[in-house]
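For reference, chains read A, B, C and D in written order, and residue numbers begin at 1 within each chain.
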Amino acid sequence: MQDPIGNLYNWLMGWLVSWGVDQAISNILLSLVGIVILVTIAMVLDVFLVWIERKVVARFQDRLGPNRIGPWGIFQPFADIIKLLIKEDTTPNGADVFVFNLAPILSLASVLLLWAVLPIAEVVFGVDLNVALLYIVAAGAIGTLSVIMAGWSSNNKFALVGAYRMVANMISYEIPMVVILLIPAILTGSMSMLTISQSQEQYWFVLVVPLAALVFLISAIAELGRSPFDLNEGESEIVSGFHIEYSGMKFGLFYAGELLHAFTFGAFISILFFGGYNGPGVTQMPVLGVFYFFIKAMIGYWIIMWVKYTVPRIRIDHMLYFNWKFLVPFSISILVMTAVMHKSLSGYETPVYVGGMLAANLVLGWITIEILRAQARKQRKMDDPNSRVVAELTH
Amino acid sequence: MTALQIIFLLAAAVILISAVMVTATRNMVHAALWLIATLFGVAVIFAVLEAGFLAVVQVVVYIGAIAIMFIFAVMLTRREMLDKGPQMNKRAWLAGILCVVIFASLIYMLSSWVGFNQIPLLVGNADTLTLLGQSLLLPSAYLLPFEVASVLLLAALVGAVYVASNRKQEEK
Amino acid sequence: MIPLSWFLILSAALFSIGLFGVMARKNAVAILLSVELMLNAVNINLVAFWRYGNIVNMAGQVFAIIVFAVAAAEVAVGLALVISVYRRFNTVVADEIDLMKW
Amino acid sequence: MQSWLYILLFMIVAVIIPFAAILIARILGPRKPNPIKQSTYECGMETVGDSWVQFKAQYYVFALIFLVFDVETVFLFPWAISINALPMFAVVEGAVFILILVAGLVFTWRKGMLEWN
């Protein structure tokens, strides 16, 4: 029971080789089977995410949500899929047909690609890539590309404006995200997701770098283009943004990609900062990690939903200011602090190390809050009409 | 034919065909998208060469940043992008002949070199990522080029921001 | 196993195509795109020589990274210039920008 | 090498699945195009002019800053993972690299290019 997938793999491999199939070819065949199963799990999960999202938003807004088809409306997403499949698939006039059709495919593919490096448990994962952290960023780059392709090829002003906003949003918040991704790399000396999970067996990284976890959550929400950073959609101004001209299944792919992306980022938060598959009893039974992984990822996803349905949308200039004038300098100072503290504390025992890192984080957080408070006071003074009048009179 | 060779040939075909399309397409957005296909092919070549770090950096930097910049620039200069008139110089044929000559002479010169048909050594267990970090940051290795790259990027940022913000001074 | 010659031929071909684009295209953005092709050809060469030489000597990868930085700097400044020129002359055709002709 | 082969296979599967979904939808769904249906969606208004709107130059400036920051942070990854194998001096060197990056941000901030107007 230690490694069921490895055993199954070895058994199938032996079986195939005894049938006279070449070693390399049977390896590729088995990998392919594994990939198809992994992607299928992701897609089935995606179908249920539609239901979960609708149920949760309904509860936030004091409604019931889907409740007609099946118990608690659980079969609602299947009805949605059938509807999407039999809808007409329109292409607007003047659209660039090839690019127009490629964009939703790339959009979903960029999200599915992330699942290749997710360590669901110590023995259940796609591949242990030694540059996995950068691979996440690379998959995100393909997502950005799909947005701009969709916006440009639709031949629609709203779509193009929505795509610009979305891309500005995504590329801006990519910087703090990449900077924060450096921090688990510093702590573990590796870019592999599996190594990062393994090295959190004793303590979760959120204890060592709580500020980094917070910044990662914020930039992940912005990367997803979810509220409060959903000004790319802005239903009231640019009627849903870059995918306005898409209908039927192509729209469904964008939607599915968005939901699965949100869940996957919940999973990343749990892997990078909350121990991933680690939990009580995992060392005896590694398969139990699957359970912990999905619980933690669901909690992460729930927090992202909670923010989405609570916080109102912000303006594009505020969004960019918040990123470039606060989040980027803040994340860079977290990075420098973590690097220096980690290097100078690395010889000490675990309690000293964790305590020192935590203290450094608290000090940095306190300094940041003080600076922000001073700034806000200055701003309020400037904005206050009375003091402005006084200033003009005395001038 | 090993699997590796097949992957190489497919990637090379993608690179060369889309490179030709980059230079031949009239629509500039299409040219930028063809460039992305080329860059992706080059990333596959890096992976074939076991330089995994460079393969992902290729996708992050080139596709995620540089290609996006190109598409933005094309959007900003749209009037010329209506693709009227000839896209090539009058002496394009001369350039074509010159390039073929350069290609042929490069191959001719290289093929007379001893190491031309060299077979690679096995990578073994060398941790190339940590090695890369050490070579970038140890003063005995390539610390200076690394820091100079940073200064270069700073200079590029300052210069580009200065050029892009020139419009304000004109209006005054 | 792939012999080194394959990579060198690919790189030479990509470089020649890029060179053709630089010399033949009129549009300034297209010229910059072609320069990117040439830089990529250089990178293929650097990485191939790293792989086929002594693997512990990281010079090839280091310089590939420097080339990435140079490419980014070139795009940043080049496109800023193209946009600035476009604002002033309303064209991006390299031949028509002839202020310095005389 | 093995792991990159896996990623390549994964890419192929990840592209085929959405492609298959679109293909199935195209087979099952009706196809009755007409000019009104195909027209550009603009809340019922007729489209005025070219849809290729010239966009705000400010987007370009942010893309510029992003490009430089992206390249530099990506180069910090080799530094980050080898930090345990490096002397303290090299860690400080990495910090200097970051500070040069911050100087660029300070410049653009001072220049007022971060303002959205």
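Just so we're on the same page, a contact is a pair of C-beta atoms (placed from the backbone, for glycine too) under 8 Å apart; a residue touches a chain by one contact, two chains touch by 3 or more.
Quick caveat, the model's predicted, so the values are computed rather than measured.
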Q) Taking each chain's centre as the mean of its Cα atoms, which chain lies farthest from chain D? A) C
(Q) Closest chain to the protein's overall Cα mean, using per-chain Cα means, please. (A) D
Q | Comparison of B-C and B-D by number of C-beta pairs in contact, larger one | A | B-C
(Q) Just the number, please: Cα centre separation of chain B and chain C in whole Å. (A) 6
Q. Roughly how far is chain B from chain D, going centre to centre by Cα mean, in whole Å?
A. 17
**Q.** CA centroid of chain C to CA centroid of chain D, Å
**A.** 21
Q | Distance between chain centroids, defined by C-alpha means - chain A, chain B (Å) | A | 29
Q | Residues of chain A touching at least two other chains | A | 28, 129-131, 134-135, 137, 167, 171, 174, 189, 191
Q | Sequence positions of chain B contacting 2 or more other chains | A | 3-4, 48, 50, 52-53, 57, 60-61, 64-66, 68-69, 73, 75-76, 129-130, 132, 136, 146, 149-150, 153, 156-157, 160-161, 164, 167
Q. Considering chain C alone, which of its residues make contact with at least two other chains?
A. 65, 68-69, 72, 75-76, 79-80, 83
Q. If each protein chain is taken as a node and each touching pair as an edge, is the resulting graph a line, ring, star, complete or other?
A. other
Q | All pairs of touching chains, each written as two labels joined by a dash | A | A-B, A-D, B-C, B-D, C-D
Q: Going by the contact rule at the top, pick out the chain D residues touching chain C in the complex.
A: 57, 60, 64, 67-68, 71, 75
Q | Residue ranges of chain B in contact with chain C within the complex | A | 2, 4-5, 8, 12, 15-16, 19-20, 22-23, 28, 31-32, 35, 38-39, 42, 45-46, 48-51, 53-54, 57-58, 61-62, 65-66, 69-70, 73-74, 76-77, 79-80, 86-89, 91-92, 95-96, 98-100, 102-103, 106-107, 110-111, 115-121, 123-124, 126, 128, 131-132, 135-136, 141-142, 145-146, 149-150, 152-153, 155-157, 159-161, 163-164, 166-167
**Q.** For the chain D and chain A complex, residues of the former touching the latter
**A.** 3, 5-7, 9-11, 13-15, 17-19, 21-22, 24-26, 28-33, 35, 37-43, 47, 51-53, 55-56, 59, 62-63, 65-66, 69-70, 73-74, 76-77, 80-85, 88, 91, 94-95, 98, 101-102, 105, 109, 114, 116
Q: Please give the residue numbers of chain A that touch chain D in the complex, ascending.
A: 28, 31-32, 35-36, 39, 43, 84-94, 101, 104-106, 108-109, 112-113, 116, 126-131, 133-135, 137, 155-158, 160-161, 164, 167-168, 171-172, 174-175, 178-179, 182-183, 185-186, 189-191, 239, 244-245, 248-250, 252-253, 316-317, 320-321, 324-325, 328-329, 332, 335-336, 339-340, 342-344, 346
Q. Quick one: in the complex, what on chain D touches chain B?
A. 1, 3-5, 7-8, 52, 54-55, 57, 59-61, 63-68, 70-72, 74-75, 77-83, 85-86, 89-90, 93-94, 96-97, 100-101, 103-104, 107-108, 111, 113
